[in-house]
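In the two assemblies presented below, chain A is common to both, partnered first by chain B and then by chain C.
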Partner chain A sequence: MSMHTLLQYKWSMMTPEFIVLITALILSLADLWMPNDKNRRPLAWIAVVGVVIALIATAGLIPAKPVSILYDTFRIDSFSKAFKLLVLAGGALCLLLALDYRPKEGLSHRGEFYYLLLCALLGAMIMASSGDLITLFVGLELLSVSSYILAGIRKTSAQSNESALKYVISGGIATAITLFGMSYIFGLTGTTNLKEMAFEVQKLADSNYQYLLALAFLLLLVGLSFKISSVPFHMWAPDVYQGAPTPVTAFLSVVSKTAGFVILLRLFITIFAAAPAHGKDPSSLLLSMQNYIAVLAGLTMIIGNTVALRQRSMKRLFAYSSIAHAGYLLVGFAAMSWVMIDSIWFYLLAYVLMNVGAFAIIQRLSDEADSDDMIHFAGLYQRNPLLAVSMGIFLLSLAGIPGTAGFIGKLNIFLGALMTEPGHYMLAAVMIATTVVSYVYYFGVFVQIFFRPADEAASVKLPVGLTVTVVLCAFGTLLFGIFPSLAYQVLAQFEHFGDFLQ
Partner chain B sequence: MSGEYLAFLALALVAITGGVLMLNLTKVVHMVIALVFTFISIAGLYVLLSAEFVAVVQVLIYSGAVTIMMLFGIMLTRHQEEEGEKTTTGGFWRKALTAIAVFAFGIAVYLGVYRLDFGEEGARLHENNTEQIGMALYSHYTIPFEIASVILLVALVGAIILAKKDDEGAPKS
Partner chain C sequence: MNGTYFLSLLIFSPLLGMILLAFVPKTQERTVKLLGFLSTLPPLLLSLFAFWQYLRGYRLEHLAEKHDWVRFTDFPFLTESTYLVRYELNIDGFSLVMIVLTSLLTTLAAAASIHIKKEWKGYFQLFLLLEIGMLGVFAAGNMILFFIFLEMTLVPMFFLVGKWGGFDRERAAYSYLLYNGLGSAILLIVILVLFARTGTSNLELLNEMLHNPVAQAQLIAPLSEELRLWLFVALFIAFGIKLPIVPFHRWMLRVHVEAPPSIVMLHAGVLLKIGAYGLIRFGIGLFPDQFRHFAFWIAVLGVINLLYGAFLAFVQEEFKMVLAYSSVSHMGIILIGLGALNEAGIQGAIFQAVSHGLIAAFLFLLVSILYERTSTTTIDRLGGLAKVMPLTAGCLLAGAMASLGLPGMSGFISEFTAFLGLFQTKPVVAAIGTLGIIMTAVYMLRAVLNMTFGPSMRNDVQALDMSTIEAIPVFILLVLIVSVGVYPYMLAKPLQAAIEMMMNGLGG
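After this line comes the complex of A and B, so read on.
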């Protein structure tokens, strides 16, 4: 390939990726050349500014037509733009959390902490905008490898070490399963390009091939369920979430999960929707596999919500709650209504806001006490009423109470499940029942904050980064809860992701 | 039964035996050697598939670099012989369930592949395959190739910060 053909591609479409990459490189060099005794915290501001510029650049790309660079190894369509916005917003909020992360024993690799977060974010962005199996996998690995290191960055904490080791081992197994599934699809179609794959699988009429394709589907589903922390790969979440530094926990529960759903939707909708299957009308492998996804979604909701009831540690509680939320999101996927991607996008938006906001407050209180037990939330209302009210908003939104973004998100998914023909009444019923169960533990925290006496009278002061995060998240949660049409207007620009397969 | 089939059987058997031995041996050095057997027989499988370049890379990187790294790791770390110590490996039912799951998966895959017909084998696979890999890697797959370099950077930084011994006087922020 000559230089000329290489320059013909619209590389300007990769601006957000370049910005994040360059910011990460600048930070790594700055970290290298800064004197050893200098505080690294200002570097986080550079990272935040870089991600915000990338966010603006992505927003600027919204009107652009779908573009494919180098045979779809990088492609930008409305799906990738929409989810890249989410990933970048979540990443910026997590960086603000990281700015004010102050563990008891100090953090000796603060500079690395920031640029590894940026690299993980870059991996998630690459996953959002690719139409090629190899790029998708490389992006997935970039995200995973960075997260493994980030989980273990508190080297002197035994919990952090345990968390990193558990994460890397279960992550390795999940990657192996995913890759095994991918190898079957590649073997059956002979290409790594998703669109060509979709074209090739249509020709697989033989039932032997279809059996293998179904096997590949299940392997991919199981392997990718690790990233979104749903059944059967959810057991890592509580231990890893508890041991990892709080900003990393927030990152794993928000950005990593979003990226997991992105790759799941991209792969399954592109490849398997077109594949023929026996005994189904309309004949589609994706539709015939719907029941398996539905069962996993149901199990995820039930396990996540019931085990959360017994948790005392806030980070473990939120780990199980994040498993439950992955279950709700899977309901949106299993229903396969025409609003599937829209409802998942909105739910993830609400989830980013409410979860990062809640983690900001958890981080503040657990750093102070060096423990994340629920008891430290007791009497928060007396110590800082505004903070308590914000936490209340996040909890209400996570529980799905009207007036918050979480409610609208759940409503969309719920309606999506009933909208199809035949409707998924069973799944919708499980969703309602588990949501009611979830009230118990969310309101348990609520009671601690508002009705228990405080152990210490000292008021809680919030540092700048956390203040910005909490204010933005609380504002967003209420805004999209009361005026969801604002988010729908953004969604309307993507026109139901019609250019997904173009 | 052709010679290729026999070679495949032998190599596959060595690969699997190496893997099982690695899990069951108790001394770390023995484990590494068992792993080398697996790596080299996988390289042999690549040769059978006329992918010589991948086979050479497999020997260079896995049997060479990765193994040497592990040996260095063993040499440079203190490790006590833990022969008397009891480790928990789960009860009977847990093992039985795992075994059933593994065999069920094996049977499921076997059912899929044992009568699979992929038609004619590509006759020109072996021609210039190193050149073809190079062409694909540096033109078609430039973007993932570049991202792989970021992964290597991340892995390098991670290995250093996780393995480095912090000096006591280091500033903490």
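After this line comes the complex of A and C, so read on.
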């Protein structure tokens, strides 16, 4: 590649990635040169500012036409822009949590903590923009490897170590399965480029090839279910969520999950929607495999919501809740309606706000007690009424009660599942039934917050980073619940992701 | 009254009270209670004003409001209003009657809330939120808005029962939440199937889409006859849980017993009626053919409800349980009226909804007065009330008379009209049902007579009769019960137009 070709690419399209990368570099160098006894907390502010600038830059790219640079390995289309916005917003909020993370024994590697979060975020962004299996995998690994370290960053805590180890092992297996699936597609098409793959698979009319392609589909589905923590690779979530530092837990449940859905949608829609099939729907392999996704979605919702009923630990509860939400999102995917990507985007937006907000409050209360048992929420209403009401808003939104963004998100997913012909009545019924089951545990937290007396009388004070997070998240949850058209106006600019396959 | 924001103002006026309450220190018990009570007055005055204007011939269509709220998808191949959800409010005579009932009972329940013992501020804020939800349900112009307001009653009720209720309050709150959550969930599915496949949730448009052969072609996805049958069954179950119909009634017993009496006034008086309202509005309104198909079984279910509630009320030791089963029984009469599926039947069902709302609120108001003084509602332990609390005992007897359907009181009119309707279409079912009316007299009189005249068990408790401030709401309700009974036309007139519309939908 000559210098000339290198320079003629529209590098400006990568501005958000560059900003995050440069911020990470500045932080790592600053961390290196700073005296050891110096407080590293200000570095987090730099990270937050960097991510916010990247967010603004991404928003600035929205009107730009879709382009594909670096030999079609890096795509900027409305899909990547839309989901990058979510990933960056989630990342910024998680960094605000990290700013005020105060474990009992203190955090010795604060600087690392921040720039590793940035690296993970960068990985998620690359995943959103990748147009090639290689870049996609590099992004995936950047996100995963950074997350492994982050989960174990509390070096002296046994739980944190356990969490990191479990995460590495199950993550490794999942990656292997994903790669195995990818190898089949590569073998069948002879290319790693998604666009060329989409062209090549159309020629695979022979049923033997389709058999292999279906196998690849299932392997990819199983492998990627690790990132979105859905059945069958959901078992890591409770252990890892519980042991990891709370900002990392929030990051895994929000940014990592969003990134997982990004590649799930990108891969499956590009490759498999074009492939012919012999199954239920001969026009497309993706449509004929709909039932498999639907079964996994149903199982994910059922397992997540029922096991959550028995949890006392808040982080484990939220782990199962996040599994359940992955199930709801999969319903949106399995329905394969016109509004599929729109509904998933809106739901993830609501999910980012309500989940990070809830984790901010969990972090504050579990840091103080060095335990995340539900009992520490007892009497929160007496200790800090505003905080209790904010937590109430997040829980209502997670439960999908009207007035919150979570309700509109659920409504949209239902709409997708029911507007197709034939309608996905079974799936919608499972989703609504498990939602009612989820009331039990979400309202169980309510009972602690509002009905139970407090153990200690001291009022709860919130540090500045957490305050900003809670206020932003609560405001957003209500705003998009009461005026959802604001979010739909943003969504309208992406024009239903029509440039997805161009 | 030309303002197009009249209905919004009516529904959301309690919001002002909620905001004002936020600025009152929570230790100021008197101020909080007074402010809480005063905040229920604006909706009451507004709704009474609307009612009065309507009786004078004002056309309620002028009050309709419509604003775009959210559009779920805007694909170019869909029309402008497809998948558009509007914030739209409109009322007819039927909903106006329910709104007046709601705002009236809320004010009276707020007056009865003087017996609330703790955290008055939170109590009244939730109470007012509940009122917004209840008022909104009756004014909602589309099904999604209806659902949103319905869910707005769910959360405050959970707290009001779970925090301010009796001994077993949390379990009651949970069973309320789960049963009603399930009911709402089923309802949501029905609403969304209709919305997803027709592209609208507006009642009038839906009616058009479902029944006009020309509009059928514009459906996004087909709605087969079989699907409609299932939708109706789901709708019936959803509102059946809320009404409640017999196998789904357990939650309602718990709430009746455990919730604070002032909340039960609203629960029995208004919230249960939402089930009836939904069945009439959506069941008959959108699925008349399916309703006709199941009419016989609905009437049978009504008779089962009536008899089951009556027989179980007879053996209860706890007065609140008697009233709870009496509610089950009286909801049966609504079903009986609906099952008749003629003008008299539907009118009877709506009459019963209003009348039971008044009577149940009246009786629970008395329960709150009794409980405040004696700390018990067990029938045996309340014996001899007539001596110590003559006024309360007298009112209790009047309530029992109204409940068992004594001519001249509202209960008589509604039961009579409902049965009149059913005798016209299904005489055998109706004949069996009349047994229930006899049973009502038996269990009501057993309970009330034992309480008023039975042997006195309480020598230690010093009981005082009701104070003036407690007596005012009691007498307001009593006057209403009697005046509906004596002059039912004041209820029949506003309902006339709405019932005629429904009969047209049913095909005469």
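By our rule, the second predicted complex is superposed on the first by the 498 of 502 C-alpha atoms of A that agree within 3 Å, B and C clash if a C-alpha of one lies under 4 Å from a C-alpha of the other, contacts with A are read in each partner's own complex, and residues count from 1 in each chain.
Rule of thumb we're sticking to: a contact is a pair of C-beta atoms (placed from the backbone, for glycine too) under 8 Å apart; a residue touches a chain by one contact, two chains touch by 3 or more.
Source: prediction; values computed, not measured.
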Partner chain(s) touched by A:Ser485 [first = chain B, second = chain C, both, neither]: second
Which of chain B and chain C A:Asn412 touches, first, second, both or neither: second
Chain B versus chain C as contact partner of A:Ser147, first or second or both or neither: neither
First, second, both or neither for A:Ser288, with chain B first and chain C second: neither
Partner chain(s) touched by A:Ala428 [first = chain B, second = chain C, both, neither]: second
First, second, both or neither for A:Arg40, with chain B first and chain C second: first
Contacts of A:Ile401 with chain B and chain C, given as first, second, both or neither: second
Partner chain in contact with A:Phe74 - chain B first, chain C second, else both or neither: first
Footprint of chain A on chain B - complex, ascending: 108-109, 111-113, 115-117, 139-144, 147-148, 150-151, 153-155, 157-158, 161-162, 166, 170-173
Parts of chain A lying in touch with chain B, wherever the complex brings them together: 1, 21, 28, 36-37, 39-41, 69-71, 73-74, 105-110, 112, 115-116, 119, 122-123, 126, 132, 134-135, 138-139, 141-142, 145-146, 148-149, 152-153, 155, 164, 208-209, 211-212, 215
Residue numbers on chain C that touch chain A, as the complex places them: 68-75, 83, 144, 147-148, 151-152, 154-155, 158-159, 162-163, 170, 174, 177-178, 181-182, 185-186, 188-189, 192-193, 195-197, 220-222
In the complex, chain A residues that touch chain C: 338-339, 342, 396, 401-403, 407-408, 411-412, 414-415, 418-421, 423, 425, 428-429, 432-433, 435-436, 439-440, 443, 446-447, 450-451, 483-485, 488, 492, 496
